[in-house]
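Chain lettering (A, B and C) follows the sequence in which the chains are written, and residue indices restart at 1 in each chain.
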Amino acid sequence: MDVLGSSLLNGVTYGFLLFMLASGLTLIFSLMGIMNFAHASLYMLGAYAGFTLSHLLGFWGAVILAPVLVGAGGCLIERWFLRGLHARGHVAELLFTFGLAFLIEESVKLVWGSGAVEFRFPPALEGRLFYAFGAAYPIHKGFMVLVAVLSLLCLYALIGYTRIGLIVRAALTHPKMVENLGHDTGMIFMGVFGLGSALAALAGVVGGAALATEPSMAAQLGTIVFVVVVIGGLGSIKGAFLAAMLVGLLQTMLIAVDLRLVQVLPLLASKSFEVLGQVKISQLAPIVPYALMVGMLLARPRGLFGTRDA
Amino acid sequence: MPSETSVMHSNRDHQNAGTLLGLPRMKGLLLCGGMLGVAGLVAWGSGFAVLLATQICVLWCFGLSYQLLFGRTGMLSFGHAVNFGLAAFATTHAVRWLGGPGGWPIYEILPLFGALAGMLCGLVLGYPVTRRSGVAFAMVTLGLGELVAACFLMFPGFFGGEAGITLQRTTVASALGLDYGRSANQLVLTSCWSLLVVGVILWLAQTPFGLAIVAVRENPQRIEYLGYRTASVRWASYLVASTLAGIAGSMSALTYEIVTVDSVSLHTSANVLLMTVIGGAQSVLGPLVGAVFLTVMQSVVSDWTRAWLFYYGFVFVIVVLEAPDGIMGLFGRPRGERSTRSSMTRASGYGLFAVLLVVFVETCYQLTLGEPTQLPGWQDLKPPELKAILLCSGALVAAAIVLWLRSREVQQ
Amino acid sequence: MSALVLKGVHKSFGLTSVIRGTDLEINPQERVALIGPNGAGKSTLFALISGQLRPDAGEIHLNGVDMTGKAPYLLARAGLGRSFQVSNLFWSLTVRDNLTCAAMWCSGQRLGMLARRQASFALMQRVDDLLETLGLSERAHVKASALSYAEQRVLEIGMTVASEPNCMLLDEPTAGMSKAETHRVIELIKRISTGRTLVIIEHDMNVVFNLADRVAVLVYGRVLAFDRPAAIRSNPEVQSAYLGQHASQSALPHA
């Protein structure tokens, strides 16, 4: 019971982290049709920038400045590179972001080395927030959830209640029309890409400090974020949230289950399914998200709540 | 007017992948030169050179299958290694099963097992994934690739767990009585199979199938009004590409005598993508150039510097931005566009930039890692000197990039 | 048996109703011109017939077979050919290859991998004949993107007839052409549509009255009148809705 409870808690926390990443990605995709392969790399850049800035300005300075810097970088990427590739189609954009992800990972190794760096929360955030299910829930995880919730609320408010947000919402489904109405879609695209990048970097600062800050962190999280976005539906923040929770919980809880498949599905007890039956549920943990993504893309490319087809 | 969803390819006439007879002079020369090179290696080469050449052939074959899928049909797949790797595993099991004393002398046609495995993958996996196209297809193949790779621990009998499975080439007898323990013989066989695959690709380009897949890439909407179901055409293309990838996979298993889960991983899928794009996705020789590039970087340059991966990624990004048809595409551009003098200036400009970049990157690595690179002269430099070089070269590189970006803006 | 039958076809986009109950019955080998003011829904109707869009209600029958809502490739295989208002060619392929693509399926070549295209005499002959008919023999090796506008429109028509359809839909084939070019294209259309059913969307009234056996007038998504050209010209409803007050004169200004 304890195991279930604590993995539930961890799953939700992880889900919030995934949500921060997925929300930026789904916003970028639904607006510009770009599946940003480099999104997780920007997350990684945020973590490393946070690490370096925390030595110069302290952790709190890093939390504020790292997303700003990476967000600005995102604006420049959109302005200088993606805009020109737009005419060549989505596949060219995808190839570029893929190459960019590769390049960013190598650049990180170039500057900070190929090992993990010691990026930790300040002492104020260490220690435990509360005790539950036989384990201490650290303050920094609560901080991560808080940051995620705050950024969700800000995003929601920005998109739902401001004039800029209105234009963005219109451009989500009818970009050409918005352009015809005289709005500078270039600035909108740049802004949204920068915003998405900043969100990813913010997730990186809190995620990198909580988990590890190393060059492989982008690759580890990258495909999972795509899974979340695809399942939740492209263009839907609500979908991104629900899918992030689903994937976060599934991944965390499946690992904690110490059963074999045959114990859950007795039909696999026969000799012919022996190999399948002996599989541990925890081994399924990495597979399930991908199976869901493939299934969703084949059955319903729009995802659960999407406004645009993949 | 050209379709907005067209994949990056230039105005190259697709018939440039034409017949073997009457190949454009340069390509014909390259091919002959390559064959002579292989012959030379067989006769006098070191074991290392022979192994590299074999690796290049395997990668070339793999790249050709990807070129059919991506270059010709416009289907960007992030999971092509699934076909490659599963065929490699299948071949390894076939060798273990059929090998040993009293086994049939079928070594030369073992890649057919790979082809069969690839074909099965193409049939079974290909049908669902080709229901989607474009970005959705890319995502589905990504998910499928990760799914298959993640399954590997579930079936240690087939995949052999973390360590993979091994085979011994010599357990299968040769129909020609040759000893394939000798790597030179393996090289000859591998290059023969690669040339066969080249022949298949060139042949297919002249068949109705070959035109239909290009049409689907060019204008998937219009082709539907001409009686073709795009999903069926894509499935056929995926099937053929998987079969050819299967041949490459089995050759890989036979050459290295080991297959691990890395063969189905995103890493391998990414490599074939990068390699084919850099070499040129529109030409039969493109994957060869890409294979040579990758092999040289991976096996030779990696001895000199750790930054080879950085350079690899950098070249890829540059190719995507500036030369969508890869290195082979650069050769195909019409000559009359600019004078030789300005071409020379440009070339030397790029060369200078490359040198500056290398200096910057190597200095950076040295400062970060604290251990000197193998490039001559670097070991003797002290940190203050290194920092000075870093700042200078960094500033120059940044300036060059800014200049380049501005020139692109003018073009746009 | 009619070549093309539309019964009570409806189509809306969101709250906007574009086709509001269209009925049409076209005889085999008949030439029908579809005219109407801009926004009447002519291109939408073509999209519905060719399978690009699915009607919200109603039926569409081709040669007696119910083809309502079927995918474009099925309609193409059933003998429907369609051209586009904005040329929709394979831009980086040559003229010859464009026509070869169009002729491949119906000449049985499909996805064949065992024989070269050149080896099929029937296919090569058909493409050569088409090039001759279209007057593009000299330009066979030119990329479609390098052709002049008129040549592209001619190729567009050629793609439509290459598959030997029994029913052809031509969407404003002469749009943007000079008088001489229009005349040539109309002669071409007359030649290639012999023995086939033809439905042509046109704004040029000279073309319409020159070419069509019957004229259908589409206004606000409904067929206002469907009759011989002379009857249409003197139809008072059509005059007020589309042709204007001086429609009784034989020479009409271009729309």
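The rule is short, and it goes like this: a contact is a pair of C-beta atoms (placed from the backbone, for glycine too) under 8 Å apart; a residue touches a chain by one contact, two chains touch by 3 or more.
Fair warning: this is a prediction, and the values are worked out from it, not measured in the lab.
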Furthest chain, CA centroid comparison against chain A: C
Selected interface, A-B versus B-C, where C-beta contact pairs are more numerous: A-B
Central chain (by mean CA position): B
For chain A paired with chain C, centre-to-centre distance based on mean C-alpha positions, whole Å: 49
Rounded Å distance, chain B centre to chain C centre (Cα mean): 45
Approximate Å spacing (C-alpha centroids) for the pair chain A, chain B: 30
Contacting residues of chain B [partner chain A, same complex]: 4-8, 74, 76, 128-129, 131-132, 134-136, 138-140, 142-144, 146-147, 150-151, 153-155, 157, 266, 270, 273-274, 277, 307, 309-310, 312-314, 316-317, 320-321, 324, 361, 364-365, 368-369, 405, 408, 412
Chain B residues touching chain C - in the complex, by the definition given at the top: 1-3, 9, 11-15, 203-204, 206-209, 211-212, 214-215, 218-219, 221-229, 232-233, 236, 240
Residues of chain A defined as touching chain B within the complex: 33, 35, 80-81, 84-85, 87-92, 94-96, 98-100, 102-103, 105-107, 109-113, 223, 226-227, 230, 275, 279, 283-284, 286-287, 290-291, 293-294, 297-298, 301, 309-310
Chain C residues touching chain B - in the complex, by the definition given at the top: 50, 71-73, 76-77, 81-82, 87-94, 97, 100-102, 104-106, 109-118, 143, 145, 159, 162-163
